[in-house]
Each structure stands twice: as C-alpha cells, then as structure tokens.
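Below, each structure is written out as structure tokens.
Below, subunit A partners subunit B and then partners subunit C, in two separate complexes.
Take a look at the complex of A and B:
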C-alpha cells in the first residue's frame, strides 16, 4: 500500500516547473554552445545569383535597397562570340550596327563596344552605369551564348540579412555562398 | 472531507489536476502532455498563417513577370503572318533518342536521326525501323547508296545499312567539331565548326581539300561561328552551300573552294536571319529552293534559288518551348535550335532539338489548303 502511494505520488507544479526550467536551461546552453562551435567553424556567407536559375526578370534593378542596385552585369569573355550583331548590345531590330543610342538595348548605355578585327567586336560593362536590369542578359541568353549574366558585386552589396531581391526573385536564383568563393561565374561551354 | 475540499475536487476534476493541500494543485502527466501538444499545434498553425501572409505579400507574385519594366521584347516577331506560311503540319512524332542533333533522309525516304549514342532509322510514319548503336554521341549523319556517314566530334565513321561499321576515318587536327555532313557522288563534305572550315573528303576517307578557311592575307573572313552550328549541303552539281551564321548569310562555293555567291541579311523580320548568328541549319528542296533553320526566334523558312524569301515552313509559334529554352540555358549550344531535312517529294521534316519532336511539314498547295 505504501509502495503504491510512493509510485503514484503526484508531482507538484512547482517541482515540475523547477525541473522543466533546469532541462530547458541545459538544452539552451547546449544549443548555444553548438551554435558557437558551428559559427567558429563556418565561414561568413554572402548573397550571390546562380546564373543557371536567373530568369532575367528585372527585379535586381527594382528591389535592391541600393540605388543603383548592387547587382551588375558581368561578361564571360571565354563564352562570348564577339558578334558584330550582339543581341545583348543591340535592340532586336537596329537601324544600323553602330553605337547610336537608338540602337542600344541597355537603358543606361552601360555596354561599351570596341572593334577588334573584322567582323569581331568586344563588349565590356561599365559597372558604374549598370543598374542590373538584366535586359542585355536576356538578349544574349535568348540568341547568343549567354556570356552576359548578373552577379552581386560585393564591394557594393550591404549583405542584408534578408536580401530584398532574394525575397522577390521568381527563380530562387539568390543563395548564400562562402565569402571565400563569392562569385558564381560562367566558364566556357563544352563542345559536346 | 470538508465542503471546500469537496468543491475543489468537483471543480478540478475536469481539468485533470488534483488538489494536494496547502493550496497547491498537481497536473497529471497526461494532461500536461496534452496541453503542450495543444500549444505546439497552435504555434505551428500561427507560423503557417504568418507564412501564408508573407507569401501573399511578396512571394505570391514571384511568378508574374509581366510588370518587368526592362523586359526584352520580341513579341512582334513571334507571330507569323498566316499569309506567309506555305506549309501545314501533316503529322508529328517524338524522337526515339534523347538529345537529337541532326537528321538526314535517305533514298528510301527513311529518316536517319543522330542523337544520344545511336543512329535511329525511322519510317515516314514515325515508327522505328532499326537502331545503330555507337560508342560516342554522333553530331550529324549523311546517307547515300545505303551507306551511312556518321559525324562524331573529331572524325567520321562509315556504316552499312545493317549497322556494321565499315571504316573509321582519321581524326581531324586542331580543334575539330563536326556539325554537318553532305555527300554527293564520290565526295563527302564535312562542316567543322571547331576549325571553321568545310573539309572535302573522298569516300575512302582521304582529305581532298578545304573550303571557306580564313585567309587574312587574301582578306577572306571565313566562317563566323559564335556557336557550333556550321552546316553544309550539296545537290551534287559541283556547288557547296554552307551557312555562315555570324554573317547572317548562306554562301555558295565551288568544290575547289571558290566563293561563287552569297545571300541573306540580318533581320528579326521574317525575310532576314535573326539574332547574332543564324541560320543554323540548311536543307535543299528538289526544285532548287533552300530551307533554313533559325534559333532564338525558332523558325524554318524557304528561300528561292536566288536567295529571296519565299515562304515560312513553321514560325516561332510552332516551337514555343524551343524559344523559351534559349542558348544560354545549356552548357552545349548545339543542343538548342532546329534542324531540317527534305524528302524527294519536297516535304520538310523539322527536328526540334529541345522537345525532341519531328514535325512533318507538307506544302499547302499539295495538302489542299489554299495559301
């Protein structure tokens, strides 16, 4: 009878809370220690655009907290065809293949065209002008080799905890990358 | 038992706790766990609701791209004027092999399709007649006198109709990437996109000459190929037709390599070749006209013997998925775009490399549809 009373003795609310607090405190302490260890081991992460997922939607230009955006167009020269009629540089139906403003696709004329040899031209991005709208990227992706693509420039990016572009990105192209490898660059394509 | 204790028992019993004296109450383990579950459930529901609100506020609109103020607009070129379309689709069937590259039509009117690691021989109704297994991915194929010439990246192999390999020619030097073949008489012409030249072979595999090579001293620009899409065709009349995509034109050479004439102009409009580098494929109709294939705005058109626009075989509206794919979406630009082949009746077979569909296009005049 006494044993039965002993085993079924109810726990008081106070005792229960005391024990619960102890367990919670220990769990919290363990979690904090784990977090600290993982933080010490891991690198700082920064935001970057995965070119394979980018949909060239224009939101990098409109959603960034910086004006102009920290996203810029970059050029993989190894992929470029050095085309005379570059669809990243020219509007879809240009009057002539020259540098006249009405023939340029870029809304801020951030792409510079330089003659190399007949019929090849080199295209470079003036990042001080580029607003990261991705219009040239879409032109190059659609008709050309896709050598133009967007990247977050880390000398400009504030590395916001919740990147406002990442929230609005329709392709989920924004992801955190280690600061030691901050860019997701395109290289050359394989010949099959 | 006092009246107070009775009342306490009556009152506390439904809550699953007991009075244990000194004003303290005990919670049963079952009741406590139940309560915790309820709290966790409520928290999860709250989290879900918050997530939904955020989704509605921001992420819910993510798929909508119509408001892009920087959109690249080529919509007006994506719809073909119905009056310009000279062909109707008689049937369509799926390629039996994945990653189809190019195709050819033999004298038996069968389709020889190069893709994956095989050549699929397809009857005109779409059923597979036979398959020839290969050790590497083929890039292109040509057929003559029941002999198959298969172009690999750097060399050509010869197969009998039953699939027996008869010969493997010596690999090309430099940076070869064979993307087109044409055979006529005792010669085979191979379009080498990597070295930007057309190789003239004798049928025993010996190289007899090179056509269209760049010559700085002579001022010959040669083939301009931002992407590996050089193609070659011939009727066996001593004239070789080669596309020059970077210059938006088709060039005609003698077998000796002299440039006889060229035609074509850059334009997103229907009469020209769109984008940076088109056409990417050629085929020859029996009546002397040309069939051209383009990427970017995927369309197949017919030009007359003088290079003047004649009609559209199929416009971008026939290849929606192909148009969306874009060259930049793949690590291998040779896997996008279209290829075409022509049978002896003048029907045009269009291969959509993205979807793997083969569209059989019949002239409207023959199909009974008024143009």
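Take a look at the complex of A and C:
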C-alpha cells in the first residue's frame, strides 16, 4: 500500500487527515473491542420471574410487548394438594364444584380440571389459552398451596433488551437469568 | 434455588420478600394416590439455542459482504434491493427486528456501567461488524442489511426534497438520540431506543397503541420523505455516518469520470448528492468563513458547558424513568393516597416499599446520583454535537464531480443508472451518445444530449 501511495498522485491534506482518522478509528474500535471482551459472555441472559417475589398483580398480562403475553401460569404438580375445591380454579363461593364457566376463576378457561380419584382432581394449564393474568395464581397463593405460579415461557419470549413487564413489575420480581437455567420453578412440598 | 442478589440490599429485600410472601402457602399436604397416579412433569420450553444466535451472526456477515459486493463490484441497484427485501424478511419479520445493531450501543453502555450485566457475544458482533465495514466501505449496512431501512426504502413512493436548512438542522438529532440512549442505559439500565422503536411493533405484529400510532406516522412520512428514521433519528446510523466519513472506499455515481451532465442531480431521494464546488479564485473570499470558524471554535467550550449544566438539571426528572426511583418518590410523597380496598399494582409496590423502606430509598438515592453524574456527560455531548455541526458549516468543501456525501449516502445505488457513463459501461449507450460530448455529425437524426431517461441502443 505504501508503494502505491508513492507512485500515485500526491496525497492531499484532506486524504491524509481522512486516512489518519480511519487508522485512529480502527485502532479505537479495536481497543474498544478489546475492552469489551472483558465484559463479554457467550451465554445470553434471559428474563425470568422469581415466584417468591411475584405479587400476582396482573400486569404480566397487559405490559408484555406480545399480545397475549409470553408469561404463562405453570403448575408445580408435586406441590399441588389436588383439592376438589381449588381456589385457583373456582371463583369465591362457586354455585357448584363443576366445570361450568360461571364457576371458573380463569377468564379464558385455560385451566383444565380432571378427576383422578376420590377426592382428588388434577389441574393442568392450556398455555395456548393462558394470558398470564395471574388470577389463578392469586387464588392458589391466598388459600391453597401456591403450586400455580407465573413464568416467562421462553418459546414465546422475544427476550427484549429491557423487559417491559420488568419495568412495570411492582414486586421487582423480574431478573435476568443465564440461558442454561432459564426457569425459576417451584419444585416440591417442603414440610409436613 | 439460590437467591442471586445484585447487591446487599437486593439480597435483604428478596430474602424478606420471600418469607413475607410465601409464609402462608403450602396448607394442604400433597395426596398419596391409591390408583398409582403419576404426576405430570412441568414443561420448560427452552429459549432460542445458541447455534441459532450464531446463525444470525453468520447471516449478518454474509449480508454485509453481499451488500459491499453488490454496491462496489456489481454496481447494481436491483441486487441491493433484493438483498434488502431478504433482510426485511429475515431480520425484520422472522427475527422480529430484535437482533439489530440500532439498540446495541445501549447494551454496550450497560455492559460497561452495570457490573451485573454481561454483553452477549452476539450483540457485540452486531455492534462492531457494520461499523468495521463502514470504515472501509461506507454505509452498505443501511442499504442492504438493515430491516428498518429496507422497510422505509420499499415504502418510498413519492420522494419530496427536504429543504437544506431543515436537513442540516435535523441532522444533529441522531447524535443527540444516541446520547440519550447511552445516557439512560448507563444511568438507569433503561433501553429507550428499543422502547420507542417505531417499526419493531410492525415486525412483531403486536404492540401498544402509542407505538403503533407513532410507527404508522413514520410509515406515512416515509412514503414521501426518504428514510426519515435513518436520516433524522437512527442512533446507529449516526455512528455509521461518522465511520463512513473516513471510509477507505466510497460510493461514486459514475464508474469512471463525471461529465457534470447533472442527470443524477435529482436522483437521490435522501438528498445525499452534492454538486461540484470550484476552489475559490480569490482567497480573500474565505475570510468571513475563517472568522466564523474562529468564533465557533471559541464558543464550543461555552456551548458544552451550558448544555452540560442543562443536562445535569434534566437528570433529576429523567431519573424517574427508573422504577425504584419512581417508587421511592411515591413512597416519600406526603399526599400519598390511602391504600385501596382491592390492591392495585401501585399499592402493592408501595406496600413492598413500606416493608423495607431503607433499602428502596438508599437504592433510589444511588440511582439518582448516577443519573446526576451522567447528566453532565449527556449535556456536554449535546453541546459538542451542536458545536461541531456549527463548525462543520464553515468548512468549504472542494469537489470537482457530482458525488454523494460520504456520511449521508446510504449506498442504495439508485443514482448509478442515472449516470450516462454507467450506461456506457453496461453497453446500454454508445460513447458517442454521451451528453456533454459533441454528437457525431451524421445524417441521422441528432441524439438529444439532455434526455437519456430511458436506455437507448446505438442506432
């Protein structure tokens, strides 16, 4: 390149300055990249809800950039009491303990109730319907075992730089977790 | 499950919250089934795999390479157009516009200022690669790879020329917006550039009403003003513009020499083509420019100081963007509303603050101090941008050809086909038909020197 410059037309002041700035910019960018390496992490971070801090306020359903939200209710079956009168499934003081719509707490009928054996019923979430409003989570937390809880579902979540639910979360329950452990699940009954 | 507190306060807060929150749960022991019922497993659908993220990087690098090839070697607008349509589909509608370099400066800023945040490797590459390319080949990223640019470019139906004074005035906005994004990311861990991106809601086909309205506004405007977001707002475009000012190669309208036929003059819908400026014959003509330059150079430090002060003043209200600061303000507000019967999210947050006010307040104070410090820098940056813009107005370019402005050119390649020399190169025009040269004196009808709007074949 140096030879070429000698043989070609004389370098003007503008060109010289431009070349100089380019070299400086390249060096700067290189140095910046070098600095950045210390801040790098090949593992991406993803957003998740800490169920212990969740206040079940219902904002997950409304604040997510996706409609319906990427937050869904999930069920820790090992923690569930399999109650016949599930306070996560039924409205307060239901007419009858059946699957009629007026008895259900869930606004979109996303919880399926299935008889297992007397007197136990199993409750499963249909995530294609769930909107993440957390009404069932509140019911289960307040009067039950707390086996229903909200989680960001990573097959749906776009992993925004700044989760818009996290910004609005009154419980400060959202945090970034490593992609290798993307869920903060409740697991099993701890005492009793 | 371990609690990963970012700081001591967060640890204490999460610990107490966990106890206070979970104390009442676990009322009924799980059943022991006689029928031997097996408990279902809670599903955990995985996020995008790492190899998929690396595939995005590969597509980015490939597209950047192709864009440079199409602009510099093939000199083909059509190829660039098809590439940008591919990018719009891939980075826009498939990846939902959400691995893009536009917001990346914020990630980098947050990585430097928040020790708990690690910049993902993919984001770092998305930030550096287009800049590196721009240092050599100008803004080919804008032309062929950016989905935002592609969307606006495709929508452009009736370009209107933006007056020069307006163009010059608005051209400082991208730098200020970049400063705003970095300011909020560094001080408040907020990503304003992503939050107020007008096109991503369209890529996602989902979004809030406000942003959809703003986006629709941009879409309507971009039908008549070429790439309004790219020219007057895009913060990453600001960086690319700086890089392409010193780029090694540049986009040229003509493949070999300029005949100053002025056919390309109106070809650029982005107002990037500059006309030749002859060197001044009388050096005394430059004296007023020199005086203005001196004035602006002296005014620059004052400008920076004034804006730094303003930046510091606006930092306090800006800090309210951070949820913890907003919560602390509401907690300290003497005219606090009484807690409602049915808890609202806000009252729940206040209840949380009530539970452990010390940690919330000290955290809020720490964030406010950070905002106040960052406000000086942000204001200083705004002053610097305006000052440098003023200084650049006094510089007198020397141009012998019609050529695109290094910084403003998006390398879209629209102007190529307007140049008769390019048509000669492609064999669409014979050299004798070139405007500016005397048409060959033959008995056939003379070829008009001015109108070469349509390709002509030599008779």
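Following the convention adopted for this analysis, the second predicted complex is superposed on the first by the 150 of 192 C-alpha atoms of A that agree within 3 Å, B and C clash if a C-alpha of one lies under 4 Å from a C-alpha of the other, contacts with A are read in each partner's own complex, and residues count from 1 in each chain.
The criterion applied here is as follows: a contact is a pair of C-beta atoms (placed from the backbone, for glycine too) under 8 Å apart; a residue touches a chain by one contact, two chains touch by 3 or more.
Computed from a predicted structure; not experimentally measured.
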Legend entry - Touched partner set for A:93, first subunit B, second subunit C, both or neither: first
Inset, instruction - In the overlay, answer first, second, both or neither for which of subunit B and subunit C A:81 touches. - result: both
Inset, instruction - Would you check which partner chain A:134 touches, where first means subunit B only, second means subunit C only, and both and neither mean what they say? - result: first
Inset, instruction - In the overlay, answer first, second, both or neither for which of subunit B and subunit C A:184 touches. - result: second
Inset, instruction - Decide which partner touches more residues of subunit A, taking subunit B and subunit C as the two options. - result: C
Inset, instruction - Kindly classify A:101 by the partners it touches after superposition: subunit B alone (first), subunit C alone (second), both, or neither? - result: neither
Legend entry - Partner chain(s) touched by A:142 [first = subunit B, second = subunit C, both, neither]: both
Legend entry - Touched partner set for A:170, first subunit B, second subunit C, both or neither: both
Inset, instruction - Scan A:16 for contacts with subunit B and subunit C and give back first, second, both or neither. - result: first
Inset, instruction - Using the touch definition from the top, say if A:57 reaches subunit B (first), subunit C (second), both or neither. - result: both
Inset, instruction - Starting from the residues of subunit A touching subunit B, keep only those that also touch subunit C in the other complex, and list them. - result: 14, 52, 55, 57-59, 80-83, 120, 141-146, 167-170, 189-192
Inset, instruction - Within their complex, state which residues of subunit C touch subunit A. - result: 1, 4, 13-14, 17-18, 21-22, 24-31, 33-35, 37, 39-48, 50, 53, 96, 98, 103, 106-108, 111-112, 116-122, 124, 128, 131-132, 135, 189-191, 194-195, 201, 204, 206-208, 242-243, 245-248, 323-324, 343-346, 348-349, 352, 398
Legend entry - subunit A contact footprint on subunit B (complex, rising order): 18, 20, 24-29, 32, 58-59, 61-65, 68-74, 77, 137, 139, 153, 175, 177, 194, 221, 224-228, 246-248, 266-269, 274-277, 295-296, 326-334
Legend entry - Parts of subunit A lying in touch with subunit B, wherever the complex brings them together: 10-14, 16, 52, 55-59, 61-62, 80-87, 92-93, 105, 107, 118-120, 133-135, 137-146, 149, 167-170, 189-192
Inset, instruction - Under the touch definition given earlier, write down the residues of subunit A that touch subunit C in their complex. - result: 14, 18-19, 21-22, 25-26, 29, 32-33, 35-36, 39-46, 50, 52-55, 57-59, 65-67, 74-83, 116-117, 120, 122, 124, 141-146, 153-155, 157-162, 164, 167-172, 175-176, 179, 182-185, 187, 189-192
